[in-house]
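A single structure is presented below for examination.
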């Protein structure tokens, strides 16, 4: 028997090791053991999450493509392919290269499906910027994303950045990529046809990313220490060549199947391609282009060197393929062939070093995990509004609070100015310009709505149509209520898509959680998955791909449960796209949806009162659907000049953003709310009630818009007019645009200084 | 009349340039692979933006030695129209077809955004469609657009009216706010901003289009 | 005044795609006997330190804290009088 | 085998924003006696040249042709046996 120390170091449990022995009917070789360990890991085999992922709906208005590496949907004769993936741990260790290789990995998933990558998004989460290491992480991650994405020529068109204590010690880097191809050109990630050659293409193999094997090595081979780097270095230039060479190769029609070598490298690509095609595969490691000398077979099988792929080619056409890769100065070599024994057989220096049934590798065990609601949650949900002084900054709470409500006392004019400015400059809310201006977000000339609006909009050249894309998750809501928080993430993504005029079409996700072996973490996971599944059913959008990232913990505990949602929507006429900023002097401002006393989990509560508490905002999915249908119809009928959803920071922040987010022209607004006395001013201003959208419209069209809202049974209030050079909201806020803009535009930069 | 868009490994604005020429100004255009040694029959060479060879040593340094560059240099020296955009500009500098060199942006970050340019010279086959002093909006996207030339060189540029575009709000530290220059003979243009990204209404600015149109005009005149 | 010359190089085990690309470029220029190319940084620091030993200690401290990334890079410092 | 160590530095007359930024960063870490920082490249070439002189000549040729841009950069080459 292999020593316990060895398989434990590979991340295998006693039970798993026993199972492997049982499957093999003998003691596994070191190469075999390594192969099992990576294939059965959560990253590849999903043993702890598979069961619940099956809850996700897989159908919607558009025909969904689900399965294999990345999913997508069919739009006329096009396939829209997209996926999101995490690179959290590598980024925490080496932010630039970690993020860069994360982008590289997700983009490979897209073009191995035969699609040309047309856009990326990045969803990032860090601890507070008051800690120097968090600054270093953010700067490094952004540097890595720009370094890789810009060089590739794939525009990074959107994303999100949140800051929360829980990510100190475990940042999140989730990268999403979208690709497009003709439906008939979609490629498969499978091998078939006994005797067909298997080709290795791309970069050479080194010892990158070999982590857990060190013990394996010392137990068996006693190698020197300086042999195992775990940091992978991104090579966007090679990946760019690989994209072009791969798409050229697929166009030959000589490719049977193709898969990228991502996590678990050659092991995963060979086993899964063979398994998907119900065949076997024999590969000869002596043919693999190596970058380093003396690599052991298990090292070659586990290496996570970047920018490599495995291709199954029609017999007789390998030279053609080789020539294409040679033209792009890349490796393209036959390393094996398809067999009919449903086994992966690996040879090295003439000897068989592994032979495993693909079924056993590809079907990781399935675990039943314990789950339990965390005890402290009930306490956390308690929030008594009356215990919150309003407003705080330097005023006598009692006196100001009550007169502000009446809105008469002249001394109270603008008493919320400072609160609003503080929120606007909070890094979670502040403009992300410092980040997205470092990304080439225009290359490929499809970006019709640039970053800075609710969703990015891309045209589909050669058609009248466009795509809208966003990524969203407020993990604080998920912490307070995982089921509802996850639903809100889906709803917000859909709302952002709808505000651009597009209709939600499909979802990808990246499920970031703590250690699933701890029952409270697992409880969060399961409830978030259920929330996503149920919300997607209501919105009629399929979950077409995704990724699970467990074990996101630091010594201080788990990260907030963070089920990031990536969504793509369809715009039938690219000319009917909408952006979030106010356009014209004199336009009427309407608030769709209803404001309720919902400060639980809000940014206001955290930034101003230092609390993470209360109930997550309520979500009525039917009402949410109605508001979104309304805004889409208003946009398509030319009734809305702008649309912006209310998210973190509530109505006041959304209004301020609509005033100042355009770089060319800032424009003011004067707001008078309905039923002012019904709620506290801070609730009016900063409540994060869901399903609310601010739209503006030409005064002559206002009646039509109001009638449309009635038709959709959506509450709709006229709350003011666009114009002037300041934002005033009742007499609580009264600020010149320049002050709003400087707080919001400089907030992140200053926090990073 | 035919345009040729050079493709180096790592070029990534080649398809964007091709698209504008083919679908917006509707002229014949083809890609020219960098390993080719001939430009056959091309009337205007476009060296597109991107990261030729990853810009791994220095922007444009390795591309400058691609086999096609000998033909491009010959073409330029015999009066052919050559336009280098972004990385293309850097390649032209490395190749010595234009004077000066590129340094990293002064704040050391990649910058992608719309900028305002002032048309400083209309006396070139590329900028004749603008009015002198006209303000135009065209995006930049680069890491190393901080144009450098020594004082003597700068005086030369000025004396010969070689500065074609200047930034009105210098984003990268370039000497004398230079965004684009021509050679003395005025047939080779290098510019950091991307006119191909601002030639269609959907992309919010069409201020780059006159460059492509001016080239067409000139080539028509040349017959 | 002292000049500290700092060489920051990628650890031997870390892949260097830049170096590889430069190697290919040199080969295509006809340099045929190159076995390897590695790219690194060369940083010169002018230091107003009291003596050479202090300048060296300081420069090393700077490397450890900022100039090199210990996860992927090594560094070497040489100090001369300037 | 010889190792050519190539240092490529910005000419004195050319501004070095990166060096300046690094200087500020070092100062904010408490290093207070820095008079200047300049950033350059350090390239190591493994050469299968016949002898040291040949290796050096070759490395210099590489610098002149590709590794340095004479408009903005200087270079220095040192060859050791490896």
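Per-chain numbering from 1; labels A, B, C and D assigned in written order.
Going forward, a residue touches a chain if its C-beta (ideal position, glycine included) is under 8 Å from a C-beta of that chain, and two chains touch if they have at least 3 such contacts.
Fair warning: this is a prediction, and the values are worked out from it, not measured in the lab.
Set against one another, A-C and B-C show the most C-beta pairs in contact at A-C. Distance between chain centres (mean CA atoms), subunit A to subunit B: 36 Å.
With centres defined as mean CA coordinates, subunit D is found 9 Å away from subunit C.
Each of residues 66-67 in subunit D touches at least two other chains.
Contact with two or more other chains is made by residues 235, 237-238, 329 of subunit A. Counting only residues that touch two or more partner chains, subunit B has 53-54, 56-57, 62, 65. Listed by chain label, the pairs that touch are A-B, A-C, B-C, B-D, C-D. In the complex of the two chains, the subunit C residues touching subunit A come out as 10-17, 21, 24, 69, 71-72.
Across the complex, subunit B meets subunit A through its residues 9-10, 12-13, 15-16, 19-20, 35, 49-51, 53-56, 109-114, 139, 141, 143, 194, 196-197, 200, 202-204.
Against subunit D, the residues of subunit B that register as touching in their complex are 57-58, 61-62, 65, 94, 100-101, 103-108, 146, 148, 150, 173. Subunit B contributes residues 53-54, 56-57, 62, 65 to its touches with subunit C in the complex.
The touching residues of subunit D, counted against subunit C in their complex, run 1, 5, 7-9, 19, 22, 25-26, 29, 31, 33-49, 58, 61-62, 65-67.
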